[in-house]
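Lettered A, B, C, D and E in written order, each chain numbered from 1.
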Amino acid sequence: MGLPQKIWIYFLLILTSALVFFPVLYAFMISFMTGPEIIQGKFFPQTFSFENYTKVFSRLPLMNYLLNSFIVSASVMIGQLIVCSLAAYAFVFLKFKGRDFIFFLFISTMMIPWEATMIPNVFTIRNLDWYNTYQGLTVPFFALAFGTFLLRQHFLTIPKELHEASQIAGLSRFKFFWKVVLPVSKTSLVTLGAYGFLTTWNMYLWPLLITTNQSVRTVQIGLKQLQSQEIATEWGVVMAGVIVVIIPTLLLLFLGQKQLQKGLSKGALK
Amino acid sequence: TNSDSKESSTPSTDGNKGGTTNDGEKVSIEFWHAMSGTGQESIDKLVKGFNESQDNYEVKAEYQGSYEESLTKLRGVGGTKDAPAITQVFEVGTKYMIDSGYIEPMQSFIDKDNYDLSQLEENILNYYKVDGELYSMPFNSSTPVMIYNKDAFKAAGLDPEKAPGTFSEVIAAAEKLTTGDMKGFSMLTYGWFFEQLVATQGGLYVNEDNGRSGDATEALFNGPEGLNVFNFLNDMNEAGTFGNFGTVWDDIRSAFSTEKVAMYMDSSAGVAAAINNSPFEVGVAYIPYADEVQRNGVVIGGASLWMSKGIAEEEQEAAWEFMKYMATPEVQAQWHLDTGYFAINPAAYDEENVKEKWAEFPQFKVTVDQLQDTVPGLATQGALISVFPESRQQIVTALEELYQGNDPQEVLDKAAEGTNRAMEIANKTKK
Amino acid sequence: MKRVELIDVSKSYDKQVDVISNINVTIEPGEFFVLVGPSGCGKSTMLRMIAGLEEITGGTLKIGDKVANNLTPDKRDLSMVFQNYALYPHLSVQQNITFGLDVKRMKKEEQRRKAKEVAAMLGLSDYLDRKPRELSGGQRQRVALARSIVSETPICLMDEPLSNLDAKLRAHMRSEIRRIQRQLGITMIYVTHDQVEAMTMGDRIMILHEGKIQQVGKPIDIYNYPANPFVATFIGSPPMNLAKAEFDKATSELVLGGEIRLPVPMDESGKLPTTTMTVGIRPENLYPVTPETKAEDIFHTTVTNVEILGNETVFSFTIGEEEWMAKWSGQWHIDIGDQLPVRMEFESISIFDGQSGELLKRTVDHGNYVTTKEVQA
Amino acid sequence: MKRVELIDVSKSYDKQVDVISNINVTIEPGEFFVLVGPSGCGKSTMLRMIAGLEEITGGTLKIGDKVANNLTPDKRDLSMVFQNYALYPHLSVQQNITFGLDVKRMKKEEQRRKAKEVAAMLGLSDYLDRKPRELSGGQRQRVALARSIVSETPICLMDEPLSNLDAKLRAHMRSEIRRIQRQLGITMIYVTHDQVEAMTMGDRIMILHEGKIQQVGKPIDIYNYPANPFVATFIGSPPMNLAKAEFDKATSELVLGGEIRLPVPMDESGKLPTTTMTVGIRPENLYPVTPETKAEDIFHTTVTNVEILGNETVFSFTIGEEEWMAKWSGQWHIDIGDQLPVRMEFESISIFDGQSGELLKRTVDHGNYVTTKEVQA
Amino acid sequence: MSTFWRKSVDARTAVLYLLPSIILFSVFIFYPMFRTIYLSFFLTDQNGNAAINVGFENYQYLLSSSEFINSTKATVLFVLYTVPIGIVLALFFALLANEKLKGIGFFRTMYSSTMGISVAASSVIWLFMFNPSIGMFNRLLSVFSLPQIQWLLDPEWALLSVAISTIWMNLGFSFLIILGGLQNIDEHLYESSRIDGAGYFYRLRRITLPMLSPTLFFIITISLINAFQTFGQIDILTKGGPSQSTNLIVYSIYREAFINYQFGTASAQAVVLFVIILIVTILQFKLVEKKVHYQ
C-alpha cells in the first residue's frame, strides 16, 4: 500500500470512527457536568467533577449489580455457546431428514416478537419457582436461533476435507466438533460470545420482571433507577451511570477484539 | 386463577421475600415502588427511618420499574402470598386496583384503628375515595402548575408578578412573549394536563359522574370544556406562539431553562428543578382556565400506596403501621422537601425546615395554595376508569394531530371514540 | 493386513456420467497397490470411495471380508493422505501429526515420542511447533504424510503424497514408505503421477483411464507388455512411439507410417493380421547406429527437437503423422535439423490391433545378464 | 520482456532467522529461469517477493530498470501460478481463467475466445462451467496455469505448476509452456522439483539451499560441473555418489571410503591436495564390466537393493559409510546379495575439497558424437 | 432394521445435539407463541385472561383499523430506512478496518463500541442530541444558520431520526459480524487478484462480496428481523408519536398489552407481525440464499 493511500485510509478511519464514537464521548462529558451546565447545552464541562459518580455509587449497590450482571451475562454467554454450537453442528455436519425444516423452525423463533412470549414466560418462571434466581435470568436465553444461525453460517465455510480427514482418523462426531470445528470457528464463537454477553448485559425488562428484590438484579435496572419520570432527572448522574455501565462492556469488546485477531486462523489447506 | 396453586408453594429460594422472619419477632414486609432517581433516594431514607423507629416491623423497599412495569409484575403475583404487602400504584391505576380483587381497602384499617383522616389533605383524599371509602393511602401527589420566565415577562413589558390566568390572557401574553427563538407557551404532550384543563373548568371526563357512581361507558371530554382546551392550544399553535416539545418531561424543561419557551405547564414536582436549572428568575402560577367559567382547581396526580389482600395478617398490620408513619408531618415534610411532591399531611407545612425552604423559594407555596383553593366536586375529584392509560394515549395522539393542523373537534371526537371502545371491551370482559 | 475388494464399483457425481465405471479389482492384504492414470481419470474418487468419503453409486466394496459400502470412514480403520493435505489450520505440526493418536487415546508421552520419530524421518523436526500456514508447500505435504504414517492403520491410502518434494527427498521417502509398509504389512493404495514411484514402489500397478481399468499387473510386465496403446504410451517416459502400420505380404515387411520398412522374420510373419495395426517402440529401443548394424535395420530421421537430460539425450523426429522420440544414454551433440540414422529391431516392437488396440505381439525379453557376476552362497 | 534483478535480497518471517539471505542474481529479459532446491529452501518465498506479496526485508529488487521494492503487485505487470493454485472458489473455471483479462477490461468476446483457446490447450474444454471444487487436483492445477498463460504478461512466475499432472500431460505442458514463453518473449521464473523440467526447460538453473545460492548456470553445465557436493547430489537422479577420499602419494592412487583404490594419471596427480577430499561419481558412470575392461578400473560390490525402472536398472551397494547407486540402461537380472564387478574411470569422477566443498577436478566432457550423422545444408 | 438403525445414526445424533435447543425453545418460545395465537381469538379481561371468544374479530378490527395500517406502514418504512443503510455503513467501516495498518485494533474497538452500549443508554444519549433546544444537532444547524429541525417532534422527521439512532446502535454489531466474515477470506485469493492488477473496487465486487456473501446473507436476515422488532429506542425517544408516526407494530403491541391490557388485540398484532417477518424471511431465503456462495 502506497503512502498516499495509507494517509487517505487513516483519514477516513479517524473521521468515521470519531463520528461513531462521538455520542459516547458526549455522554462522557455530560457525566462530569452539573445540572445547569447540562441544560445550557455545553460540550465541555467547566470542571471535571466526580460528584455525579459518587452519587451513582452512593445511590445504588452498583458493585453488587455489576457483579450480578457479570455472573448472569457470563452464564448466558457460556450457555449459548454450548447450546448453539451443538445445534449448528447438527445442522451442518449431520445429515437427517427434515433438517431444513427444523432449521427454518429454529429461524422462525427469531421472528416471534418478544412481547408475545413475555407474559407466559413470567408465569413459567414463577411456576418453576425461579423468581429472584440466576437460573431464571439465564436459562431462557440459552437457546438462541440467532446464535445457531451465526455458527451454522461459519461452519458451512469449513473445508470439507477437514471433516473427511477427521472421519478417517476415526474421530467421533463429538470429538470432531470439539477438537476441530470449535477451534477453527474461533472468530464466530468470540463474536457470538460477545453478542451473548452484551445483549444479556444490556437486558432490562426481563430481569426487572422476574426479580423482586436486589439480590440478583442487574446493572441496567440500576441505570433505569437513576432516571425519574415526573421529577426532573439529574442527567449528569444518569450519564455517569451510563458510563459506569458501559465501561465493562467496552473493555470486553476491546479484549474480544484482541482475541479475534489472535484467533484468526486462515485456511492452510493446499 | 392460579392463586390456589401458589397458595401452597413456599416463597422462593432466597430469604428476602416477604413473610415473617425465622425467629418470629420482627415482621418483615415488602414495599414495591416505582420511584427512581431522587425519589428512590428519599424513599430509602424514609423507610430506614421507619425501621429504626420501632422493633416490630421491618420494611423492605424494592424498586420495581416504572408504574406500568411494576403493575405488570403485580399482576403476576397479585392476590397470592408472594404479593408485596404494599404496592405503589399511579393514580390512573386506581380503578383497576379496586376492581382487581388484589387489595385490602384502607378504610377497613382506618375504621378499626379509628385513624383520624381529617389530618390529611382533603383534596388529595377525595381522589382515592370511592363511595366515601378510602381505598389506598395517598403518598406522592402532585398537581400541574404553570411555570414562567419572569425575566422574559419583564422584557416583553408584562408584569412578572402577575401571571395570566385565563386562556385568552395566556394567549395574549404568549403573543407578546414570542420573540425569535422563544415561544410564548408550551405544554407537555401528555393526557394528564388536558384532564386538568378540563377539570378546572368543571368539566367531566367520562359519564357516570366521572366513573364514580358506576362503570363509565362514554367519554365526555369531547364536550365544550374539552373543545375549549383544544381551541386554546390550537389558537396559539396557529399563531406560532406555541412551542411543541414533545412527550418527554425533560425536553420541555430544558426548553424552558434554555429560554426556548416562556411559559409552560409542569408538575408541581418539577418546580424545584426548574428554579435550580434556570439562569433567570422563575415564576409559578395556577393553571389557566377558560374565560367563560369559574376556576375549579386541579385534580391530584401521582401515586398512592395499596395494601395487598391474601397475605398474613401481621403483614397487613405492619403495612398499616408503615403507612401511618409515612403520613406523619415530619416524614411528609421531609418527602416534600426531597422531591417536591405535596405533603399529604398539611401539618407538614408548619415544620421548620419547610418554612425555611418556602422562605427561600416562595414559588413552592403557590403549588400548595392552588391545591387548597380547589373547589371539591366531581370534576376535581378526577375520573375513575380502568382504561385510563389507553385513553391518555388517545389524547396524546389527538394533541399531536392538532399540532399538525387538524380540526380540534375532529381529533377530540376520534380520541373519545377510541376511549369508548376501550371502555366497552373492559366492561364486557369484566368478571 | 486387510484385503480390499471392489466388485463392479461405479460412481457418478451428477447421476449421469460415470466417473468410475464397473471397477473389479482385489487388493491383497499387505500389497502395495499403485494407481495411475491421466489427470481427472478418477483416481482420487476411487480412493475417496474406499475411504468412505464418497457414496458408492453402484457395486460392492469389501474391506477385510465385510461389505463396507455403508460403513462410516472411522469404522474402516484406514488412514489417508489427501491430495490437498487437509491439515488442521488451528493445530501445530506436532498436533496435526498426533491428531489420530489422540483419538485412539494413546498416552501423551507415547504420542510425543512417535511424532518426534516420524518428524525426524521426514525432516520436520524443526517445524513441530509451527502452524501449517507457516510452512512451505513440501513441508505441508510431509506433515500430511507423517499423519498417515504415524497412525499405523492396516490400510493406507495415499493420494500423490510426494508430488511437492524434490527428487532427493522423494527418493528417500520412497524407500521409507516402502520400508514401513513392508514392516507393518500395511495394505497400501497409492496414487501417483511419478513414473519412478509407479515402477519401483508397487507390487502391482493399475492403470485407469476415463474411469475404466486399462491394465493391472506387475510394473515390469506392464512396462514390457502393455495391454493396449493407451497403456503403452502412458507408462514409460518419454512414451512409447506409435505408428500406424501395415504388413506388406509381398516383401514380408512392416510399413510404418508409410515410410519405414521393417523386415519381419519368417516365423513371425504368419501371425500378423492383414488389417491395419499400431506398432509401438520405446524411445530407448531406437539405438544409435554402430558399424556392425545391419543395413535393413537402419532408417533415417530429421531431428526436430533435442533435450539433454544430463545422463541421457532425447531427440524427436517425425514418422508419418506421429512425432517420435529416441532416447540415447549419455550426452549427445545433436542439433535440430541434423539427419540421423537410427537402428530399430523387430524384436523390440510391440504390435497392437488397429481396431481393438489389443496387444498382438510382445517385445522379446530385454533382460541383460551380468556375465561376470559371482553369485553368493 | 523485462529484466528482473535481485541485489542482496534477504527475507525473514520472524525477524530472526533469514529464510532468504543475500541473493544476487539477474534474470535477463526473455530468459527461462528455473529455480530448484530442497523443500523449504525458500523458492516460493522468493517468487512471492518478486511478485510483491511478501515484504523484502533487505536488499533491492529491480524489475525492468525500476526499483520495485515498494511497488504493489498490480504495478509489476506479472502473472503467477501459485503452489496451492489460489483459485476463486466462487467463480467457474471460465471466470477463473478470464479474471485477469476482465480486470484489464478486455472485451467479453475476446475473453471467451482466449479462454476457449487456452482451455483446449490444457484439456479443460469440458470443464469450463464447473466450480473449482468439482475438479480433480490436476484439473485445478491446470486452471491455475491457464489463468497465468492467458494473461500474457512480460514476466511470469510459476510455482511447481505441473506437480499434479501425469507424465504424458506433463511432457506436453513442458513443451507448450516453453513454446509460449519463446513466442511471447516472456521472462519466466519457474520453480520445480522435477529433474526433467529443470534440465530441459531452463535457459539457466539456480540452485537454492537454505536460502543461499549454490550455483547458477546452464543446466548441462550444472550437471557436469556441480560447484559443490550439495549441487552434485541435488541435480541428477539418482544422485551422484559421494565418498570421502585420500590421495595415496606412494602408489599415486585415490583411496575411496577406505576401500576402493583408483589409479590417478600422472598429469593429474600433481593437482590433487593431500588433505581429505570428497569424490563423486554419477550412477550412470558406473558401468558393467566388459571383457575389454582394464583390471585396475574394476571394483567389486555387494548389491543391497535393486530397482528396475523399465528401461533402466538401479542397484545400490555400500562404499565406506555411504550407500552408492549405479544405473545401467536396460533391464538387468540382478538380485539382492549378488556380487557384482563395476567399472569406474578416473575421467568420470568429480573431486571436491573436503573442507570447503569447492570443485577441484571436473569430469571430462562426456559428449558423444554421432559418427555417421549427415549434417544438413 | 439394523441397517436402518445404522443409517439413522446421524439422525439420532442430531436429535441429541438439538435437544437442548428444542427443549428450551419449546418451553420459552413455542408454548408462549401458541398461547399468543390462542389469545388472539379472545377478548381478555384486565388480568390478561381469555374472556370472550370473538373468533377472527380481533384480526378484522386490526385490518380495518387505520392505526394498525399506519403502524404497518411505519414499520416497513423503518425497515427500509435502517437495514440497507446500516449494512452498507457497517460494510464500509469493516472494509476500512480490515486493512492491515498500525493501530487498527483501536479503530475496530471504536467502530464496534456501539454494541457495548445498551439500547436504553444509547437512546438516552440520542434523546439528548435530538433535543430541540439543547441538542447537538440543532446547535450545529444554528451554527451554520440553517433552520432548526424538530427531530423527534415533527412527524415528517421523527421516524427518520429514530432510524438514524437505530442505525448507530446496530452499527457495532453488524460491523463485528462483517469484519469477522472479511477476515475469513483466504488471503491467497487477494494475492492472486492483486497480481492480476485488479483494483480495489474490482476486488471488492468480484472477490470480497461473493466470498462475503454468507456473512452478508446472515447479517441482512438478522437486521431485517431486528428492524421489525425494534422497541427500546421507540419507547424512550418518541413513545410512538408524534401523530403515531413512529408507532411501529412492536411498540403498538407493547402499548396494547402492557399499558392497555388488551391482550387479545395485542396477540393478534403479534401474530400478524410474525407472519410478516416470516414471509420476508422466507423470501429472503428463497431469493437470496441461492446467490450465496458456500465453500
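Quick note on the criterion: a contact is a pair of C-beta atoms (placed from the backbone, for glycine too) under 8 Å apart; a residue touches a chain by one contact, two chains touch by 3 or more.
What you see is a predicted model, and the numbers here were worked out from it, not measured in a lab.
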item	value
Centroid-based (C-alpha) most distant chain relative to chain D	B
Result of counting contacting C-beta pairs for B-E and A-B, higher pair	A-B
Centre-to-centre distance between chain C and chain B (centres being mean Cα positions), rounded to whole Å	94
Computed distance of Cα centres, chain E from chain D, in Å	60
For chain C paired with chain D, centre-to-centre distance based on mean C-alpha positions, whole Å	22
Distance between the centres, which are taken as Cα means, of chain D and chain A, whole angstrom	57
Junction residues of chain E, two or more chains touched	48, 131, 133-134, 186, 258, 295
Sites on chain B at which at least two other chains make contact	69, 72, 250, 254, 258
Chain D residues counted as touching two or more neighbouring chains	72, 84
Residues of chain E defined as touching chain B within the complex	43-49, 51-52, 127, 131-134, 150, 152-153, 155, 238-239, 241-244, 255, 258-262
Residue numbers on chain A that touch chain C, as the complex places them	159, 161-162, 164-172, 175, 179-180, 183-184, 186, 265-270
Complex contact set, residues of chain A against chain E	1, 6, 9-10, 12-14, 16-18, 20-21, 23-24, 26-27, 30, 38-41, 43, 82-84, 86-87, 89-90, 94-97, 99, 102, 104, 106-121, 124, 139-140, 142-143, 145-146, 148-150, 153-154, 156-160, 173, 187-188, 191, 194-195, 198, 201-202, 204, 220, 223-224, 227, 235, 238-239, 242, 245-246, 249-250, 252-254, 257-258, 260-261, 264, 266-267
For the chain D and chain C complex, residues of the former touching the latter	13, 36-40, 43-45, 83-84, 123, 134-139, 141-142, 159-160, 163-171, 175, 193-196, 199-200, 219-220, 223-224, 233-239, 282, 284, 288-289, 302, 305, 307-313, 327-334, 337-341, 366-370, 372-376
Of all residues in chain D, those that touch chain E in their complex	48, 51-53, 72-80, 82, 84, 86, 88-91, 99-100, 102-104, 133, 147, 151
